[in-house]
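Each of the two complexes below includes subunit A, the first together with subunit B, the second together with subunit C.
Take a look at the complex of A and B:
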């Protein structure tokens, strides 16, 4: 059995490697090159998913050492229950995304650049898979960096377009920041354990280990897009091609989650305070993420902010697991950790689904602005149906999978309230109410996303001329939509098969009840009600015809929430009036505007950036630009190093 | 699914379907009397639904399947939700039916589709209603969840059926804190059913353009289904309030006499709450949309208080 799993694993990794190399070696412009490469992606992802499944359900650990790189550092592939879940995520999303990409990749760009896109996509998947499978810190960091670099190039795919360069720069800085924190964290960890193995013999709890944890937590948080380190997400996700956005949001953020869960479970023995810190970061991201998402009119920007929200929910689950395990409640701890992990899986499914369908819409309308869409449900009916499924899943409605994850989190909070001490209770009530708000705002947000994008009259010519996406761009997301429904309805059975007996409602029964009731309602109404139907124009208060200009806009839709939460949005309404007469009776003209302050950018990022600039301008003094000066610098540094090392040894 | 549960399912859903329109008209009657009018008869809502079912359904040419599917979804979700709150007879819970969070989210699906159908016809009225409804729903949600959490803490269960089993046969609420929860639940009932001071179910003027504006484009059999779903939702929320404040009368053993007695008793209890709702509505003025969060904070405060009282008691 283990042999078969390893065989599948390496077949999958090899296929992805092949998919990376092939389009670079065969420098041809025609489609078959990309098709073959994408078939390799699809097969590779499928193999990885199939390899992950038996490990996930039987909880065995599979590992293989390939090379001895250096003394103490082996190149080892380790697949245990935790990593198999994330490998499964990668495999499933990778497969659907590869199928989607058959059609999507052909949507523009020079053919050679398309080849590069396909190649880099394979490399991206491969490096993410290797991070998850890494057996030691060195491997983890190397592939982490490979993941960062390959995704950076993918963000810059369309680099001539406006704003992409800035997005790329932002992403580059943030992703390097994440690597730097991880680097320091791993060095500190090595100092504690004296081994490069990722998982130490027993969990660490010393003060040094706490410092290591803090660095790792920051590194993973930056990569996962936790507020306040989130700013790269709403830049990079809309900028990259949609098949890549799906991978970044669906898989890459989960790789960061994997790192954190690994650290929390196996590397460190954390106490209440660390758990509370993770929880607070999680809640902040969840609530602010969805509040910002609601305001967005860029459809991919909205999805990016919603990813921040979901990562926040996942982090909160992890934080709760730490808190409950410190309080000696292993069952609740397991429940919240499973909630976090199940939500990671779910979010990977529905967010990739949403990014893919949003990508089809953007490809059909050539705009990302929701205010220029509308009426697409008639022009792109299948895409609309798939997006709607994703929206129902992400808005957490039963019996789809998003609901089950959130229900588990709610239940762990509800049960927790019954047992903990008053102070913790305050924390839990705080978390509970903010989660509830997050959940409800997510529903509102996706009513807006689906309603403004797909329903009613087209709001621009671009939307009028939109056409349904091609078959591959429907099949890819359709796989994910099916899985969203299947894993939701089968959630109880899945957890039983995994060996967890959770206090969850049986969604299969609920789902059947819904179907039976729906059928009964349809039959009764058909039998009793009048079937007369008339189609006519919407009543427009006596106007001759209704058009897109009279509809409710996306901005208008979010206005009540923007007003209620104006202190968070920092909305400023400005009205300037000029008068014709000194008594201010006759108005000559009025200018009004609403501005939203970008809080984190203005108060956190820019000061840091300015500080960095100031420091670097100091350094600039030493940069004369002549070669001999630089040689002198190198010489001086080497002398200092030698002296320093000699002093310490 | 065992025998008693199937009997419960049929009994509960049947009774909810039968009785829901009655409370709707009763509240209207009370309000009319408070204003010095005579008001409609108690069976008016039944007549209205029957009339609407016979009428032609008009769709906007801009609308899609969303508009056509929404009424069926709304009514089905209300009917499924009717399985979660026992009115007469309480069986052993099966497969997690009765879970309070699931109940809340089932009602959420109906709202989700209704909000989408508000946008579907492309009329600005529907958009306003849809946007406001979702915003209010978002702002009330923390309160609803914390109230349910308080209920779960007090009753030590997350399941309406279990809560009802514990309290069935008791003359008074299980604990004094239940009265605090009752106050919060009443505010949630007012918000969820779109009544004054949050919304006004009688009009769709600009000031009260929330729920009624959202369903403005619905007509004929579809409107009948949505109205019926609204009536069921109201009955279920009343039933939860009854469960918390006046639990006596629920039977845990099946018997014809017991069930008939419970039916009569529920009609009386439901009527009492309907009259209170009617009087409450008559004595209040519509609040400004943006001052509504203050009202929700009251309910939130009461439920947090409940949780704390339970800790120190």
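Take a look at the complex of A and C:
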């Protein structure tokens, strides 16, 4: 069995490697090159998913040392239950994304650049898979960096367009910051354990280990896009091609989550405070993420902010797990950890689905602005159906998988409330109320996303001329939509098969009940409603012609919430009037504008940037430009080195 | 055949002489005598290698001595002499950062610092058993640092080159006394030095003599781009 799993793993990795190299070697512009490469992607992802499944269900650990790099550093592939879950995410999303990409990559860009896109996509998947499979820190860091670099190039795919360069710059800086923190964290960890193995013999709890944990936590948070380190995410996700956004949001953020879960479970023995810190970061991201998402009119920007929200939910689950295990409640700890992991899986499914269908819409309408869409449900019915499934799942409606994941989190909060001391109770109630708000806003947010994009009449010419996406761009998301429904309805059975007895309702029964109720309602309405149809026009305030501009807009939809949370949005309304007469009686014209103060950019990122600039200009003093001075510096440093070595050894 | 105390005295004499030549390199203003000082320094090192080769019976050290004499006492000084003939500059009067007196003071401080530092690194037992080699190591490193002092405290290109050569002598001294570098590396270093001298010859002959003017020349031939605001 283990031999078969290893064989599948290597076959999958090799297929991805082949998919990376092939489009680079065969420099041809026609489609077959990309097709072959994408088939390799699909096969590789499928192999990885199939290899992950038995490990996930039987809870075995498969490991193989491929070769010895250096004494103490082996190139080892380790697949245990935790990593198999994330490998499964990668496999499933990768497979669907590869199928989607058959159609998507042909949508623009020079043919050679499309080849590069396909190749880098394979490399991206390969490096993420290797991070998840890494057995030691060196391997983890190397593939982590490879993942960062390949995704950076993918973000810059469309580099001529406006704003892409800025997105790439933000992404490059933040992702390097994440690597730096991981580097420091791993070095501190090495200082504690004296080995490069990722998982130490026993969990660590010393002060040094706590410092290492903080560094690792910061590193993973930056990569996962937790607020306030999220700034790169709303730039990079919309900027990259949609098949890549799906991978970045669906898989790459989960790789960061994997790192954190691994650290929390196996590397460190954490106490209540660390758990509370993770929980607080999680809640903040969840609530602020969805509040920002609500305001967005860029459809991919909305999905990007929603990713921040979901990552916040996942982090909160991890934080709760740490808190409960410190308080000596292993069942609750398991429940909240499973909630976090299951939500990671779910989010990978439905967010990739949403990004892919949004990509189809953007490819059809050539705009990301939702205000210019509308009416697409008639022109792209299948895409609309798939997007709707994703929206229902992410808004956590039963019986889809999003509901189950959030239900588990709410349950662990509710059960926790009954058993903890008053102070912790306050924390939990605080978290619970914010989650409730998050859930409500998420539902409203996706009503907006679906309604404004697909319903009503077209709001622009672009939407009028939109056409349904090609078959592969429907099949890819369809796989994910099916899985969203299947894992939602079968969640109880899945957890039983995994060996967990959770206080969950059998969603199969719930689903049946919902279907029966809905069916009954439809039947009753059909039976009792009048058959009379009346074709008329909506009342248009007395105006004669009605066009798309008179429809309910996305901005209008979000206006009430924006007003309620104006202190969080920190919007600035500016009204400039000009008058015709000196007494200011007759208004000649008015300009009004609403601008968003970017809170984190103003108060966190820019001060850091200014500080760095100040330090650099200090350093610049030493940059004199004469040879003798530089030799003097070298001389002084050598003298210090020689004397220092003698002093301290 | 050799008396231990005689050899000991001879080696000590050479060490002191090497230090004196280094001090001369730091302070002498006349270019021909700088060159002769370097020649003398190299010759002293060759002598040291010969003495050690007789004491230890090692043929490699003898080869090193021969190589040193051929390259550093004959070939390199010959080339530098040629350069001096061509550029007809006899003296190097300018100093950067350190005047001769203060650079000699700094060197003394350096020697003491290196002595203390190396005393900690090489275990004290080694220093007691083989005091000669220990002192050789100290002087080797000091010579290297003093060569560096020459490079940045003097302005003429030729003096800088001599400073660099003197640094290499320091490495050689350290190698002879402590680690004994493989012979092939010694040969490679020699070849490097000779190529360096050849390059210097080609680039400076008949043109200019200070590094600033040299930069000017390089910029003219656009061998390397210098920003406008850096131009004097």
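Note that the second predicted complex is superposed on the first by the 578 of 649 C-alpha atoms of A that agree within 3 Å, B and C clash if a C-alpha of one lies under 4 Å from a C-alpha of the other, contacts with A are read in each partner's own complex, and residues count from 1 in each chain.
Convention: a contact is a pair of C-beta atoms (placed from the backbone, for glycine too) under 8 Å apart; a residue touches a chain by one contact, two chains touch by 3 or more.
Since this is a predicted model, take the numbers as computed values, not measurements.
In the overlay built on the shared chain, the residue A:647 is in contact with subunit C alone; subunit B does not reach it.
With both structures placed on the common chain, the touch criterion links A:627 to subunit C but leaves subunit B unconnected. Once the two complexes are overlaid on the shared chain, A:191 sits clear of subunit B and of subunit C alike.
For subunit A, the partner that touches more of its residues is B, with subunit B and subunit C as the two candidates. By the touch criterion defined above, A:450 lies against subunit B but remains apart from subunit C after alignment on the C-alpha atoms of chain A. Contacts of A:611 after superposition: neither subunit B nor subunit C is touched.
No residue of subunit A lies at the contact with subunit B in one complex and also at the contact with subunit C in the other.
Residues 374-375, 377-378, 384, 388, 392, 395-398, 403, 407, 410-411, 413-415, 417-418, 422, 425, 429, 432-437, 439-441, 443-444, 447-448, 450-452, 454-457, 503-506, 509-510, 513-514, 517-518, 520-522, 525, 528-530, 532-540, 546, 548, 550-552, 556-561, 563-564 of subunit A are the ones touching subunit B in the complex. Contact residues of subunit C toward subunit A in the complex are 96-97, 110, 113-114, 116-121, 141, 145, 148-149, 151-153, 155, 211, 230.
Contact residues on subunit A toward subunit C in their complex (touch as defined above): 625, 627-629, 631-632, 634-635, 638-639, 642-643, 645-647, 649.
On subunit B, the positions that touch subunit A within their shared complex are 1, 53-66, 72-73, 75-77, 79-80, 83, 94-97, 99, 101-102, 105-106, 108-109, 111-112, 115-116, 118-124, 126-128, 130-132, 134-146, 148-149, 152-153, 156, 158, 217, 220-221, 224-225, 289-290, 293, 300, 304, 307-308, 311-312.
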